[in-house]
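What follows is one structure encoded as C-alpha cells, with my remarks underneath.
Should a chain be cited, it is by its letter among A, B, C, D and E, assigned in written order, with residues numbered from 1 in that chain.
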Amino acid sequence: MSAAVSTLRVERASKRFGGLKVFEDVSFSVPAGGVMGVIGPNGAGKTTLINVMCGMLTPTAGRILLDGNDITGRPFHAVSRAGVVRSFQQTNTFRSVSVEENLYRALKFNRLADGESLRMDDLLDEFGLTRHLAEPSDKLPYGHQKMLGLIMTLAARPRFLLLDEPAAGLERRERSNIDRFVDHARKVLGCGVLVVEHDMDLVKRICPHILVLESGRTLAEGPPGDVLARRDVIDAYLGTSAA
Amino acid sequence: MVTFVSAGVIGLSMGAQYALIAIGFTLIFGILGVVNFAHGGFYVLGGYLAFTLSHVLGVPFVAAIVLATIATAAIGYVVEIVLVEKYVVDHLATMLITLGFYQILITAIVVFYGAEPMDFSFPITGSLRSGGIFVPYSNLIVFVVCGAAIAAVYWLVYRTRYGIALRAMADDGPVARSQGIPPATMFPMAFAIATGLAGLTGALVTPMLALDPHVGEGVLLKAFVVVILGGMGSIPGAMLAAFIVGLTEAYASVYLGGSKGALVLFVLVLVILLVRPQGIFGTEARKA
Amino acid sequence: MRMPKKARTRLTTSVLAGSASLLFSAAALAQDCEVKVGMAGPLTGGASAWGLAMKTSMEFVAAKHNEAGGLPVGGKKCKVNVVTVDAQCSAAGGAAASNYLASQNVKILIGPVCSPETTGFQPLSNRHKQIFFNSSYKADAIGPDWPYGFHMHQGPKVFGPIIIKAGKDRFKFNTAVVMGPNDQGGTDSGNQSAAIYREIGVKTEVEWYQRGTTNFGPIAARIMAQNPDIVELAAMPPPDVTNLVRQLTQAGYNGLYGGMGGIGMEPVVQGAGGVEKIKGYFWLELMPVEDPGALKVREDYQRIMKSAPTTNAMLYTSTFAAENILRAVSLAGTDSDVDKLADVLRKTAPESEYFGKGCWRGKAQYGINQEFAFPVGMGVIQDGKRIGVERVNLPCES
Amino acid sequence: MSILSIESLFVRYGGITALNGVSVEVRQGETVLLIGSNGAGKSSLINAVTGLVSTSGGRILFEGRDLAGIPSAARSRLGIGYSPEGRRVFRSLTVRENVLSSTLGLSRAAAEENFAWACSIFPLLAERAGQPANQLSGGEQQIVALARAVSTLPKLLLLDEPFLGLAPVWIDRISDAIRELQRRGTTILMTEQMARPALKLVDRAYVMRGGEVRRSGDVAEIREEALAEEYL
Amino acid sequence: MAPDRHRDFWLDLWGMALLLPLLAMPLLFKDPFILSLTYQFAIGVAASLSVYVMLRMGLLSFTVPAFMAVGGYAAAMLAKSGVTEIMALMLASFVLPMIFAVPLGLLVLKLKGLYFIFITFIFNEILQLIIFETPKLTGGSDGVVGVPAATFLGADLGVPWRQVFATVAVCLIASVIAFAASHRYRAEFTSIEENETLAESLGVAVWKYRMIGYIVSAGVAGLAGLALVNMLGTAHPSSFASWSVNNYIAYVFVGGRGTVLGVVVGSYLLIYMTNVFNAYAHLSAGLFGLLLIAVMMAAPGGVVGTAVKLFGGFRADKGDAPRPAPAGGAA
C-alpha cells in the first residue's frame, strides 16, 4: 500500500494566533521510513508545528502535502485516516477504561482490513503491558500509559507518525522503549516518523536527521552530530545575553 | 411616539432589574463554575423578607430592604458552605443540588406564608408625567437603586482589591490561590454577594410587581437568557445583555403582544448565539 | 391577609401531620368506620394558591364533621379522611392523580382546578368511576361524555352575560381588552369572556401574554396604546392581576376593570394601591361573600382549623362543594358506591349550612345537568368607593 | 540561616514520579537556581512549595516551619511570592490590578505603597497601569508577573522560568529587574532552562534531571560544558 | 478480555431486564395506581434514556421535551386523521423528531457545556410558544384532545390494560433503540466524552457521532412523546413543559449517569417517590428537593454509580468518570 516515494512535506508553513507568531516559513519533509527529529528550546513552536501538521490547527500560511496531495485544512480525523497520526505529550489513553478496552477502541475506530499484521502483541509483551490488560489505564505507571498511547496510534495504520515528546516523563531506563517503538513502526508499517523531543540522547540515537526550531524559525537542519555542535544551537539552549 | 418612549423607559427599568439579577448569577458561575438554579429562589426570599420586615414587623421600608439584602446574602453564604462547596468541581451535581435547594426553599415559603400573593406594596406611588409619557416614581426609584447597586457592584468588582481578587479567581484559580487569595473565604463571599443582589432585587421589585412563592421561575429564566447572551461569567456582558433583553422584551411586547414578544426575544437570543456562540462578551465556551 | 405569626407552629404541625398520615396510611387505619373523600389539584407551582385553597376547605369541612363525632353514614358516625394529591397543573398530572385516588379507593373528590389537569382527569374518571367536582373554566368542563363529572361553580357563559350586562348598564363601556396567559388555563376563560363582551356589542381585543411574565410594564403600555374602556382580568392568576393593575395605574390608566372569574376584589385593589384609586371595577364573586353565611365560614374555619382561612375566593365554593360531597355520602350511606352517590347528588338539590339551598343546572350549556346553580355575587367599586357585593340569582334547570 | 529547606521531597502525579527525593536549601538573602531541561522536575518543586501540587514524601520547611497542610493562599501570606511558569498573568485584569491582586492580606495603604515601590523598580507598570494584561507582550507580562509576586514584599520569591520564550533583549531586561530585586534584599529561588543568563544572576545552582538533583554548588563550580552535556 | 466493557454491558442489560416486568404489570394487576406507576416508569425511562444517549458524549441535552412534543403531536394528528395503527404512529413519532434534529443539530452540536445546555433549553421555550401561536395546526393551548385510542393490526388498544401494555411496549422499543445505539457506538461515544481529541486523533469523526447521537436521542424522545399522548388521549402542551426536562435529568443523575441500569433505577426511584410525595400536598416539591440533595451528596455518582464503586471491583469511578476541570481552572 505504501507508495515508493511517499513523503510528508511541510511547505513554507506559518502559524499565528492573533498577533502572536508561533512559527514562520518552516519547510521540511519527512520521507517514508525515515525518522526526523525536531528540537528546540521551550516555546520554539514545536508542538504547534505538530498541531498544524495533523490537522488540529490550520496554518496561517503554507501547505501540508502528503505524497504531493494538499491536506492543509482537512479535519483532524480525516488527516488521521489519511495516514498522518500523532501522539500526545500528556497521557494519551482513555484513562477510565482498561488497557484492553483502549486497544479495542483504537482498532475499532480504524477497521482497516487490509495490510499485514500490526504485531501489536509483540510490543505489548515487550513493554510489559500484556499482564496489565485488564487494569484501567490511569492506574498504570506513567511509562506504561505512555507506551500504550503510542501503541494505540499504530491501530490507525499510520504512514507518518508525529510523536510529541514521547520520552517526556519516562524514566531513563524506559526511554529505550521509544527506540523500539519507532523501530517497530518503521519495520511493520514502513512509517515515516517525526519526533519532537527534549531528550538529546534519544534524538541522537534514533534520528539521522534533525531540525532545530528557535522562536518559530528554522535555526539549523542536518545530522545530529553536526547540528548539536553548532554554536548557535548551543546558544539557543543555554541562552545568550548582551550583558 | 408616546408609546415608543414609554416602552423605552420600561425597557430600561427592566434592564436594570435583569442586570442586577444576572450579575449575581454570572458572578457565581464565573468564580465557582456553578449554575445556581436557586437564584430565582433568593429573589423570592428577598421579597418575603422585606415584606415581613416592613409590613409585619413595621420596620421602615428602606431598612427592611437593607436587612433583607443582608439576610439573603447571609443565607447564600451558608448555602455555599453547606451545600455547594464540596461539590464545586462537578457542575452537574451543583446544578441538581441548587435545584433541590430551590424546591425546599419555595416549599418552606408556601408553608410559612401560604401560596397566596402577598399584599406587598411600594410606599411611594404616582408617576412623573410629561405629555403622555409617564415614568412611575417607583420605577424611577427602582431604576436609581438598581443603578446604584450595579455601580456598587461595579465598584466592588473593579475598584477594590477584593473585586480584583474575585476576578483573579475567575481568571485563573490556581494562580490566584498561589497569590494569597483564599478560595475558602472567596467562594462563599462571592456566593453571598450574588444571592444578596438577588435578594435586593426581590425586595425592591416585588412590591412593584407581585410577590408570591413562584415568581422566581420567570426571573431565573431571564437570568439564563441574559447570562448566555452576555457571555457566561462576564459581568460587563451581563450588564449589556440585560438592557438588550429588557428593551427587546419591552418593544416586542408593546408592539406584538406578550406572547409573540416572548417568541421574538427567544429567537433573537438564538440568532445572536448562533452568530456568536460564546455570547457578546464571552471569550471562549467554558466546558461544563 | 395572612400573617406569618403562627408560621412556626404551622410548619411543625404540617410536618407532624405529614409524618402522622404516613404512619396511618401504612397502618391502614383499623377504625370501624371511615369515609374517604379526595382532593386533586395544583398543590405546587404557580397555580397552587387555588389548589391549596380547595384542599384546606375540604379539610375544614371534614374536620368540622369529625369534631362533631363523625359523619353519619347508615346509622354509624364515621371519621372523614381527606386524601389529597398534587395534580401539578398538567394533563399528565391530572391523569396520575385520578389513578392515585383510584388506588386509594377514593370515589368522590373535589378538583381538579387547572384546565390541563381536568383534560387529563376526565377520561380516567369514567374508567375509575370517580365523582369529581372540578372548578376549571374549560369549555367542556363537564359533559355527557363524563357522567361522573360535576362542576362546582358556573362558568363565564352563565354568569358572564348577566354580570357584564349589569356592568355595562352601570359603567357604559364600548371597548374592552381581555387579558390572559397563553396556556389553556388562560385561553379557555379568556376566550369565553371575550365572546360575551362581543355579544353585547362591546368591541373586544384579546391579549395573551407568556405565562411566567414577571413584569407587566410593557403590556400595560400596549394596553394604554389601545386605550380601552375596560380591561377584563378574569383569566389571569391573582399575582399577575396585581402586577398588571399596578403597572396600568402607574401608566395613568383611567378606565374600568372587569373580573369575570372569581379573582375577587383583593388583587385589583392591591394593584391599584387602594379602593380609592379605582375608577370602576365590577367583579364576580362565585358566592355572595357578604352574606352572613360567608362570614360564618370564616369564623368556623378559624375556630376549627386554628388558623386564618385563605383569602382566595375559592374558599366558599370549595366549602360548598365539600359540604355537598359529604352530605351525599351521608345520604347515600356509602362512600364507594359511585352510581348510588351520583344518583343521590343528581336527585337532591345542593344545600349548604352556610349558604342555604341551591339547585342544578348545565343542561343547556354542557348537555348535562351537573353544575351547581347557586346565587353568585357581583361586587362593584365605583369612583373610588366600594359599593358592595350584591347577590345575583342564577336560573336553575332542574 | 536557611529560609527554605526542602528535605528529600517526593512528588508523584498520574503515574509520573516528578520529584524523586530532592533536597534543596535556600539561605536568607541569596539567589538559588534550579537548572535543567524540560521535565527535570523544576516546576514540580516550585509548585510543591507554593502548595499547588501535593507532595507524597519529604518535608518543606519555610523559616523552620513545616508547610504541610497549609493551603496555597496561606503560604503566600507567610511570605512566599510566586511568579509562575508561563507567567499566567490574570488576562482580564489590568496591569495595576494584577500587581494588586496578591495584596489582599495587606492594608490598603500598604498595598498602594508597595505598588508604588514596584513601579519604581519596573517603570513599565506605571506606564501601562490601566492596560489589560492580555494586551502585553510576553516580556511585559513577565514583568507584571514579577511585580505581582513581589508586591507583598515576600521573604522568599519563587521565580519559575522567567526567560521562557523571551527574546534576548527581554532576557536582559528581566535580568536587570531581578538584579534590582536582589539589591533590595530579596531572597530568590528560580528555575530556568536558559543556563547562561540565569547563572549570571545567582549565587548557587542545582542541576536537575529526571526528578533528581544531579549536581549542585556555587556558580563557579557549574561548568558550561557540563551543562551542554545535560541538555544536548 | 475486557471486564469493564463487559461489566458495563451487563449493567446495561440488567437495566433493560428491569424494564421487562413492566410488560407483565398490566396483565397481573388491576390496581390503577400500579398501572399508573407502570406507564409513568416506562415513559420516564424512555425520556431519560434520550438524555442518557447524549450524555454518553458528555452533552447534557435539554431538548428532550421538545422532541417528545414533536413525536407526540405527530402521533396525535395522525390518529385524529384516522390512522390509528400503532406501527404507523410509532414510525411517525420516531422519524419526524429525527428529521427535526438534523437542522437543529447542525446549529448546536458545535457548542459544548453550558452553552449547549442553555440553547437546547431555549428550544423548549420556543416550541411552547410556537404551539401556542399555531392553534390551527396544534390546537394551541388546548392541545389536541380526544385522540382516538391506537390499534394494533386492527385490535383496539383502548382497553385500559392494553393501553398500558401498548405504552410500555412503545417505551420498551424506544429503550431498546437507545440501548442499541449507545452500544453500537459506545466506544465512539464514551471516547468522545472522555477525550475527544484523542478519539479524533484515532480517526473518529466526532461531529458525525454527535449528530448520530442527537438524531437517535430525538427519535427516542419522540417515541416517549407518543407513549405519553397515547396514555392521556391528549397531546397537551403541559405534558411537554420546559421544566419537565429537569425531572428526566434528575432521573439520570440520581440513578447514575454511566449505565442504562442507573437510568432505570433513577427513574423508578424518583417517579415512585414523586407519586408518594404527591400525597403530601404542598410539601411534595420540598421533599423531592430534599431527596435530590440527599442523593447527590451521599452518592455523587448516583445510586448505581456509587453501588458499583462500593461493590464493583476495580472499575470504580465509572459512574462519575470524567469530572470537569475544577472551577477557575485553566478554561
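Everything below uses one rule, namely that contacts are C-beta pairs under 8 Å (C-beta built on N, C-alpha and C of every residue); 3 or more make two chains touch, one makes a residue touch a chain.
Nothing here was measured: the structure is a model prediction, and the numbers come from that model.
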Stepping chain to touching chain, what's the minimum from chain C to chain D?
2
Which neighbours does chain A have in common with chain E?
none
Between B-D and B-E, the pair with more C-beta contacts
B-E
Starting from the mean Cα coordinates of chain A and chain D, work out the distance between those two points in Å.
32
Between chain D and chain E, tell me the centre distance in angstrom, where each centre is the average of that chain's C-alpha atoms.
52
For chain C and chain E, what's the span in angstrom between their mean Cα positions?
36
Where does chain D touch two or more other chains at once, residue-wise?
none
Which positions in chain C are in touch with at least two other chains?
14, 44-45, 48, 52, 182, 208, 210
Residue numbers in chain E touching two or more further chains are 129, 132, 282-283, 285
Go through the chains and record each pair that touches.
A-D, A-E, B-C, B-D, B-E, C-E
Hey, which residues of chain E end up touching chain A in the complex?
1-5, 187-188, 190-191, 194-195, 197-206, 314-315, 317-318, 321-322
Mind listing the chain B positions that touch chain D in their complex?
161-162, 164-165, 167-168, 170-172, 174-184, 283
Touching residues of chain D toward chain B in the complex: what are they?
50-52, 71-77, 82, 84, 88, 90-93, 97-98, 100-105, 108, 111, 148-149, 152
Under the touch definition given earlier, write down the residues of chain B that touch chain E in their complex.
29, 31-35, 83, 86-93, 96-97, 99-104, 106-108, 110-111, 115, 169-174, 176, 183, 217, 221, 224-225, 228, 232, 259-260, 262-263, 266-267, 269-270, 273-274, 277-279, 284-288
Any idea which chain E residues touch chain C in the complex?
31-36, 40, 129, 132, 140-143, 145, 160, 228, 231-234, 236-239, 241, 275, 277-285
